[in-house]
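Notes for the one structure printed next.
Naming follows writing order (A, B, C and D), and every chain is counted from residue 1.
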């Protein structure tokens, strides 16, 4: 309906292979980016930025990370939380060791550590597949969580056992610590998320992205076509963990300000996995949609009783939220097991062929 | 107007001439066992450069196992395999690809989540080298490389006449077209040896004819050596230069189609199945 | 007689000269596109000029000389269009041939035209030409575009297009003055020289080679461009047979004179997508194409959800009511305008988008009568679709519908520079600058078609209405009489039947008989989809055609036609008394249709003699055997028992009342 | 350092056999509980191919229901019966609402659905019973609470909690009962048929839906037993949910479909974990119990990807 593709023809492969070959999609994307970079900062209050947008973006990035591994390369992981934790602790140590360094660079660098650790835990994936692989990643989850508790060096021997983000400035603006404004944090988080999402879109449409999907769709055929399974899977583990690590670091540096080992527990792993599954395996856009659903829905649910005039205890609301989210997850899995991305695809296809049904 | 004399240089049919051709792959006394069950017993034959070699036999004769041995997916317990004049060590399946062996599968093994175009592009994987950092940037070397290979892939799409399904996810294609896409994917590897595992299984007559034409065209246009497994005797006899017949994991005949067709052992084996 | 358009640009009176002008004036504009290897490969006028020059000089080196005939065989490809102009630059005459015609037919044309060269698309055509070596003795060199499968052929007289071009380029770089010599060579050519020879398939007899001069084509094309305000920004899709005058004028003559861009589709399978991508601004299609589009729209909408269907139907009603008025610039109330605008957003716009007609400035349909409903449907969407009446012998244009003067039942006013008259026999005659030079090697036919003072017999019976528009009734020789003296215009009846989407083809009989009886061919797409929705199982066309419910459905259509006929005083006597549904589809491969898909009445009458007898001897069914030709040339037979149904006729004038309900 | 790792623990085992035995006993009891949880997984996996992550929360939920009912004045045994009823309703609900619409979906989707179910049950449980840990009504149910000390010559003594003995006994009884159920009853045989071949099972006229409801109910009963045992040892709280993940390594060792495998796997993990923690854990600061099970399973997998009882997989193409 809104798609009017007549007259959009490609005279070069460059144009044909563009990320968004359809004009209307490019316009849509531009609108979203303008909203994110201009409209929201101009209109949103601190609460909206801190409680909704920043965590949403952090989770979106984490979901992209997990999606690379699970959605694009077909390797199930339950260790996302821990890999995020590695990023967080690495960034914390880096800023402690290099207090004058640019904190954004440190955050981006922290992902390298989680990438390395992710690759190590990815090694068994050569022999182990499916649910069995989940055990490997569970081992990573619990082992790393244990490390966060038992290795005091990681949290600078704090009495509390938690990491607290110090105040750091970037180009004269306070970027981290309690005094950092939500707006500054928002822009940093948005910038990093958009940048990584864009870079990943590039990787996914090229040789490497294809090799991941080959392994996912038919590993034996992929191997017989010259794809080295271990190398390819390890790369997916590393890239995925890198992104999760950066997301984990952003989570503590630009959102929570402080974190303890339990922040990166198995619960977080599941939360991100849900975002990926509900958003749609193998879709970058889906990662954003899944993150929005899993993060923003409970926030909204918390306000619903108040808006309706009920006066309920905070606890009750929280429990009800849990129930509703659980029920909705099951509901959406039943309605569309391929996630919101598929729903969007179907809707888009409908709009493209409108008024025809197919 | 007799200016046009259609003198096609056909591949040599008689065995004598064939013997002079270069041997691409030789299998010597190969045996393969699964947990005590013999799948292949003491088989020897060769594949010559530029020919279409058929491996036929009744169900369970060990044809697919033979292909799996050739491309390194199974490792025979006994015997040697000589590839382009060199005895091959035990190798990983992915090494077969880099040595120039491509194959298709009995039950289509396409990458279901990808489009026809991407599936065939995946055949170019080994020939694409731009590293992760170029891929991240895309603009520049990675994009140029992609376009360069896309051009080659488009040749194959054109060759197989599948333009109309270029951007269709392969899962949605009818079976016959999936087989064609799979052939395209193998062709994209520009292999020296192309292994086709029952390329015409489950096809109707028209699709079979199309596929036969493509196989012959591949052989003649690109000079690709082809080894194919097929159930349908008729198709094999028309297509191939030489035929190996297996039965219960043993070789029972080897030679030009007419000769093999006349062999009593072959007739018995095929009749034995239908009884 | 020379038209006004030619005077203004006397300089460029041949296509090679126009090419040079375009390369100079519109050098950087895209001249040709072809979807190939997944993208639209493009050439600017400068590049086209270079390509043509290289090929032309290459051809010359192979021995092509002035006056030679060069066959062009293949689907629409830029290189084949270029080959025509390259040949013209050497004074040779291109002879485009229907590439899907069977070898026998093609052999006659090539033999008759005495072609010495042939430029063909691919191996299939090369094989075809090689197989007719005996019939076409004059043929000495074959040039092919697509090398696939030809590697092992003897290349002594076989050349790839690229190699000929390479030869030409080599020669130019060796002798730079060659390019200037080449240009000087065609500077001397005159507009009255023969530009091209097109063989008309003709509904009877052997094809005739229509010789058209540069003046014929170029003046007609310029007039056409002016009439519809076409300029270099147009985009057209070249998808109709190159041997057909329509394509020759739209994709070459008009394209060159207006310097607009010609787009060649990737293959016939992808034509819909290709049209969608290009979205032509100037579009030509025979009624069949529009019929198919409408059928597919309706079939697809049948499968849409209830709400969507309701919305679609509602807005289509709105469009029917005011769409054409708005297009014609008539006064329409504000409410209707708003509703139409809403409909444009919800339905018309998307529909046009899906059909790839969003950018269409002007579209034409011709060749046969188009169903008024179909015509109206497209116009009500806001598409400026018009009818024209033309012939190969006229370089297409005889009459055209001017913007704002569109009537469904007429084919428009005389085109610029065309004089029109109706002969005493009722036959339409015309005289124009586009009138052909003559039939090749067939003076007898030339003399019987073209009068000494330049008037041409169209062979169609028609009248000029009060508003000056021409109305075609039927083929002049087909209009006949029933034994009771009632007027019988078979095509008129057939067209009425064919306007039902379920009926693909109809053949009416009745001349010198007691009553009207018809053969009907059902439309497999439309009826098949109906069958699917109604759980009617069928394995073949034959089975579906013989199905009781299908007969019932067709019977209701025939009855409707009878009601319509009853309403018209002239035609009321020719209502359909009996009909049958043919057990096979009429097919060009069996010679039942022409290559342009027109019914070959006499051939059918002969072939299905027993069935016609059965129609008139009162039997209710008839068993027949029919020979068929498959696509690959193999022959076979099919057998069937065909049911015949009796119809009740309506009293003259009776339909009026019921139609008012 | 090497001495600490390779020599010292064994020296200790030899020198303090009573402690060693005590550790073994602890490992045995933990192993029995892991095995019970794993049993719940196996039941469901065998019949429907679903890896039920909600088994852990079902344990908690069953325990909470029992205690909660009792707290509200329902007599212990009646509460027990009512709880069994609640588990039945839950099984039926899960089959209707979750399993049936998701039949034939890929395993990861089913897995996620059970995690969704976990969320729901956590919310629901907390909503009804509140979030605080509760005391198991051990005595009211007539379970033993004392302990017996065994003298071990002059080398010390080993203390056995009666409740642990009871747990072991109950586990044995349950396994036996399930064994009988599977082998001797009609439904049990049907269940095995389903596990082997869905089509075949359908063709003998067994309703898949019925069977799913039954296995979920059986898993619910196992969960209840587990809940009581575990609750009696510590208390009933949502922390137990985490313990359920331990079932995963247990299953890897024992195989996803084997009941004896679940027992053996549970015991291996139980022993390994306790011995590892008490003899080697100290070297790295303790608490290795939290991940040791997974590492054991992982190492095991690297050598036998098909599990302890699985058959070697021949890949076919």
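Note that a residue touches a chain if its C-beta (ideal position, glycine included) is under 8 Å from a C-beta of that chain, and two chains touch if they have at least 3 such contacts.
Since we're looking at a predicted model, the values are computed, not measured.
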| item | value |
| --- | --- |
| Required steps from chain A to chain C (each step between touching chains, minimum) | 1 |
| Pair joined by the larger number of C-beta contacts - A-B, A-D | A-D |
| Chain whose average C-alpha position is farthest from chain D's own | C |
| Euclidean distance of C-alpha centroids - chain A vs chain B, Å | 42 |
| Computed distance of Cα centres, chain D from chain A, in Å | 33 |
| Separation of chain B from chain D, taking each centre as the mean of its C-alpha atoms, in whole Å | 51 |
| Rounded Å distance, chain C centre to chain D centre (Cα mean) | 77 |
| Residue list for chain D, restricted to those that touch at least two other chains | 315, 317 |
| Where chain A touches two or more other chains, by residue | 13, 220-221, 224 |
| Junction residues of chain B - those touching two or more other chains | 73, 105, 109, 150-151 |
| Residues of chain A that touch chain C when the two form their complex | 1, 3-13, 15-16, 353-358 |
| Touching residues on chain C, where the partner in the complex is chain B | 36-38, 130, 133-134, 136-140, 142, 148-149, 151-154, 156-158, 266-267, 269-270, 273 |
| Interfacial residue positions of chain C with respect to chain A in the complex | 33, 38-42, 276-279, 297, 300-301, 303-305, 308, 311-312, 345-347, 349-359 |
| Interfacial residue positions of chain B with respect to chain A in the complex | 71, 73, 92-94, 96-98, 102-103, 105, 109-114, 118, 121-123, 125-126, 128, 130, 132, 135-138, 142-143, 145-147, 150-151, 185, 189 |
| Residues of chain D touching chain A in the complex | 51, 97-98, 101-102, 105-109, 111-113, 115-124, 126-127, 131, 242, 245, 248-249, 252, 256, 284-288, 290-291, 294-295, 297-298, 301-302, 305, 315, 317 |
